[in-house]
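One chain, subunit A, appears in both complexes that follow, with subunit B as partner in the first and subunit C in the second.
Entry: the complex of A and B
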């Protein structure tokens, strides 16, 4: 969810007990010490969470890195730990742009980058517009706020399948609107195959995700002191200037986190394209998660698939680190 | 503060357009779910030619929706319950104790959130299959395996939200309980937890939503017996004749509980969802 490390880390250290050289076993006698004595209790109650995290997240990542070094296909899958070790062979195939595998990965990567940029940008703009429009109180504001949250609350598979119905060429609402009501084109366009499919994917994804931007920006705007707006009013600033001189600068820290979260979500998004297109996504809309999924589970070439996911994670890590580094640099400027 | 006319128009315009955008799929879902089959097989009709509740009864027969429903309910409820217990314990440790590895744990757990699901999926598939074969357990293609997987998905956010909640509860409360002779667990369950109830409820609905709507892992880690709604709903589309009115009826039915839960706990959830972004 949030990719920030909690700000409360570090603080509160002063409350720690003067533990000193006391051995952990000494905690058994429940000393009347005020602060928590040295005890294994916190570790003990943390353990279950730690174990499942290890099983479902940490170990799989390690196994994933390991399998990316194996020639793991439908023949060796049965006894996968004995699959031939090929070192960085899979990586060489995956990044060889002259091979079909590498070329497909690069195309899919480009699609995902564009998709992600559009989704982040549109969600932010729409979310900001809604947050600003709903800032001053008026009757019905609470109702609209709740309504705007519904797309975010709906199970993705249910809302995306509804979009699939709406985007059907012959029976969908979109073509009924575009062709029959507005008469924009004579020919009924296809929305789920061919070049339009990318635009469809972006629209559906924005529909699902923008409420989160709206939520976050609304919360951010509520923490802006009203005096700032009053001061701007005294200076004779119009609504446009209030937005530019007060709202946007004050939202900067919120934006920093919001953009990163939206970026990671959209870049890793699998549910939307998978539910919208099914397994056979049109090439124009085959984003990277779907691409890795398909190349793993249709051809059963797990070695290549793992290599692709490892590269994907390295890319995301690099972007996140560069981004947070940039933010820090800008703050220190 | 009075705003000039153009801003009021602009605001109205933004709100109208967004309302239409948000409502279009909701409208389609609602209207098509009560429309007869002939309506959804021809060009889109804005109003159904007749009202019928048949899709709501037929949808259970076209695909084994009842089974999917049961699988989803069992998996989501079990995953929610487990992740709730684990999250409460972990959050209590992090909120009330200072120990080595505390921030390391939080950072690690939160950073797994940025990884793509696909990274875990392939190895997890291999691990489950291998563990089943060597230890004779049943993790792959069972509800158990899915529960174990899902309970970790909500865990990081749940821990994060609960730590915030627990931190806002004065320590004097549990210290008083400790002095009274209850152990730390007693202090947690009798004093801290009741006070943090809104946060616990928010975490529960979040965990339920996560498990209920998950598609990627469900598509690989289930088979015909254990398929959940998230994957099963696609079954209507693979029929030679797509019963769109039934699909919409089913979508409506699977959405209502989650949306209601979300909206009921909106305040607590929204607080948690946005806290991370606003705080830092």
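Entry: the complex of A and C
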């Protein structure tokens, strides 16, 4: 702040400065600064970032929105800017729940909502449990923390394709354990097709993402003053009450961000289901990102796919706004 | 402090702006036409590397003869269609590209490919050089082909001779009833041996079989451009295929999760499955899985006998790979010269001989490599009992929607759910509605 105030004044005097009684060397140093008033400077320095942001985010999003208003298929793909303009026609098809396209989208949306809720919930619970367990110092804590982060650090493709091998019915490790070693079921269950595929997807996603919750919550717990725990101890609080009365309230701001980020990630997740199931996911596990991909690329109907994407963005935006609004309201209460 | 901070800030801003400008300027020179052609090859060998090793010396030969260098990129099948679509939308693509021949009509509709009208096809030796059957899969009828054939493929029924002998089956089944009967005899769950292996989760394979068996039952998936995906004949055709798993139980239910040929071929080579229905490229893969060429035989995929009313003796679609030229190519002449090279008799012998596919030009068949009992079967299938997949713009959607519907039905059957004609009909009716709704 202290630097901007004089600079604004300096800017106002720019015309008079060269004739002033300053030594030549000092004048030489200051002259370039005065050509651009200081108030512009922060904006100028932001300009490249703004351009890049426009290029990599805003323009593609706008193109996506524009595409959703076109009938973009194999007939118009080559000269896509001249594709027939259908206005909200694609949206009408997508939200008409009595049509197969709309019904499919709704089903996929439901699957995704359940998937997202489970992934966020499980990641948070496991992450919190691990963070609390590793909070007090003990030998080997650092090693355990590093180990816990491994699933998050592995490249998604490598780890998910390994899960794919493990979940195969005849040769997979999971069935070897469940059927051959433990003898839990007589029949070898399927994990990659049919009803179980949804559970497989949730497990793999939670396995991949929970370390992030663990990392964030661990970082959050570092800032909780030790005195609070000491005071709680003095009051005779056990571990459960310390968690409820100290840890969780103090972690509230961290949780607010963590849950939102986990929700957005899981709702949009494409890599995990696509790598796990390949091009044609089982209907039970067809989450919305795969559904949009299939609508666009496998059936060559990019307008319809874009309309679904835009609706998805609007939904995520609405949830995010409602969520942050709710948090603010609760904070102000 | 003030001036120093200012200098640092200005330097940072300058660097940032320079970087930004450099980023924008970088694209300027990328459009310039180079001397090299770009060629996107499909994956025909056992790996992408194998394809590169086989193609590179041929491309060098082409460069020596014409002075045109070719930049090669081998693209896996899972990506090829997306890459072609992206190139179509952006206008920035290769000069020459391999495509799955069933996509021909769909890609033709984009207008992104150089049409092989009479004059253009003359540049690669004229229509008469090519086998008539392969030319049927190069685009919609009555329009100039979007590409020319490159590698010929057809389905066959591969069977393990030893397992046939053990089961007391003297010869390859010729009718569908014989086939089901043989498959039942060959299914011995205690030995973990199954009559037939399938790729249940591959939507393209499923779509091909829906077409083949649908045609045996007299189905026509399209009337003109109108879809008829849920006609009673299609339902019969798909049921004929799905019954192998659900009713006859001659397929290992685990096959419902096979997405590609890797495991199917491995199971067959290891004797875990006695038969597979697969295209002729599999000969190379079976060999590399350690099964000798004389350990198995090939017969046409059996056909219903007697055929239902309107049914046709179809045991394969006209499968194969076409090669096309992008209309946006900077060097159409060079690209056509390269297509001429790839379809020349000499290269047809070398490449098809390596991939295990069939030459698409007549003259190549004087080579002893393309004679013999195995090759004869595929040639006979292509000549007598193969029909091209529907050459309509919506063919790509047909493969996705029908193939996925069959995949879901197979998954249900594998999980022990009852799958009857009604279930199949519902699945196909949903696919039909989706196609009509443009989805």
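Basically, the second predicted complex is superposed on the first by the 286 of 333 C-alpha atoms of A that agree within 3 Å, B and C clash if a C-alpha of one lies under 4 Å from a C-alpha of the other, contacts with A are read in each partner's own complex, and residues count from 1 in each chain.
Heads up, the rule we're going with is that a contact is a pair of C-beta atoms (placed from the backbone, for glycine too) under 8 Å apart; a residue touches a chain by one contact, two chains touch by 3 or more.
What you are looking at is a predicted structure, and each value in this text was computed from that prediction instead of being measured.
**Q** Determine, under the contact definition given at the top, whether A:159 touches first (subunit B), second (subunit C), both, or neither.
**A** first
**Q** A:245 in the overlay: touching subunit B, subunit C, both, or neither? Say first, second, both or neither.
**A** Touch status of A:245: no partner.
**Q** Considering only the touch criterion stated at the top, classify A:133 as touching first (subunit B), second (subunit C), both, or neither.
**A** First partner only, subunit B.
**Q** If you stack the two complexes on chain A, which partner ends up touching A:216: first (subunit B), second (subunit C), both, or neither?
**A** First partner only.
**Q** Given the touch rule stated above, what does A:297 touch, subunit B (first), subunit C (second), both, or neither?
**A** Both subunit B and subunit C are touched by A:297.
**Q** Please indicate which partner A:224 is in contact with in the superposed arrangement: first for subunit B, second for subunit C, both, or neither.
**A** It touches nothing on subunit B or subunit C.
**Q** Using the superposition on chain A described above, determine whether A:95 touches subunit B (first), subunit C (second), both, or neither.
**A** Neither partner.
**Q** Looking at subunit A, does subunit B or subunit C touch a larger number of its residues?
**A** Partner touching more subunit A residues in the overlay: B.
**Q** Applying the touch criterion given at the start, work out whether A:271 contacts subunit B, subunit C, both or neither, answering first, second, both or neither.
**A** first
**Q** Output check: A:45 vs subunit B and subunit C. Expected answer is one of first, second, both, neither. What do you get?
**A** both
**Q** Shared contact residues on subunit A for subunit B and subunit C?
**A** 3, 41, 45, 48-49, 52, 80, 168, 170, 278, 297
**Q** Give the list of subunit B residues in touch with subunit A in this complex.
**A** 1, 3-4, 7, 10-11, 14-15, 18-19, 21-26, 28-29, 32, 40-44, 46, 85-87, 89-90, 92-94, 96-99, 102-103, 105-124, 126-127, 130, 148-149, 151-152, 155-157, 159-160, 163, 167, 175, 184-185, 209, 212-216, 219-220, 229-231, 233-234, 237, 244, 247-248, 251-252, 254-255, 258-259, 262-263, 266, 270, 273-274, 276-280
**Q** Per the contact definition, I'd like the list of subunit C residues that touch subunit A in the complex.
**A** 2-3, 5-6, 9-10, 12-13, 16-17, 19-20, 23, 78, 81-82, 85, 88-89, 91, 106-107, 109-112, 200-203, 252-254, 256-257, 259, 393, 396-397, 400-401, 403-404, 407-408, 411-412, 414-416, 430, 433-434, 437-439
**Q** Where on subunit A is subunit B touching in the complex?
**A** 1-10, 12-13, 15-17, 34, 36, 41-43, 45-46, 48-50, 52-53, 55-64, 67, 80-81, 126, 129-130, 132-134, 136, 144, 146-151, 153-159, 161-166, 168, 170-173, 175-176, 180, 207, 212, 215-216, 218-220, 223, 229, 233, 238-239, 253-254, 257-258, 261, 264, 267-268, 270-271, 274-275, 278, 288-289, 292-293, 296-297, 302, 305-306, 309-310, 312-313, 316-317, 320
**Q** For the complex, which residues does subunit A have touching subunit C?
**A** 3, 29-30, 32-33, 41, 44-45, 47-49, 51-52, 73-75, 77-78, 80, 93, 99-101, 104, 168-170, 187-188, 190, 192-195, 278-280, 282-283, 294-295, 297-301, 304
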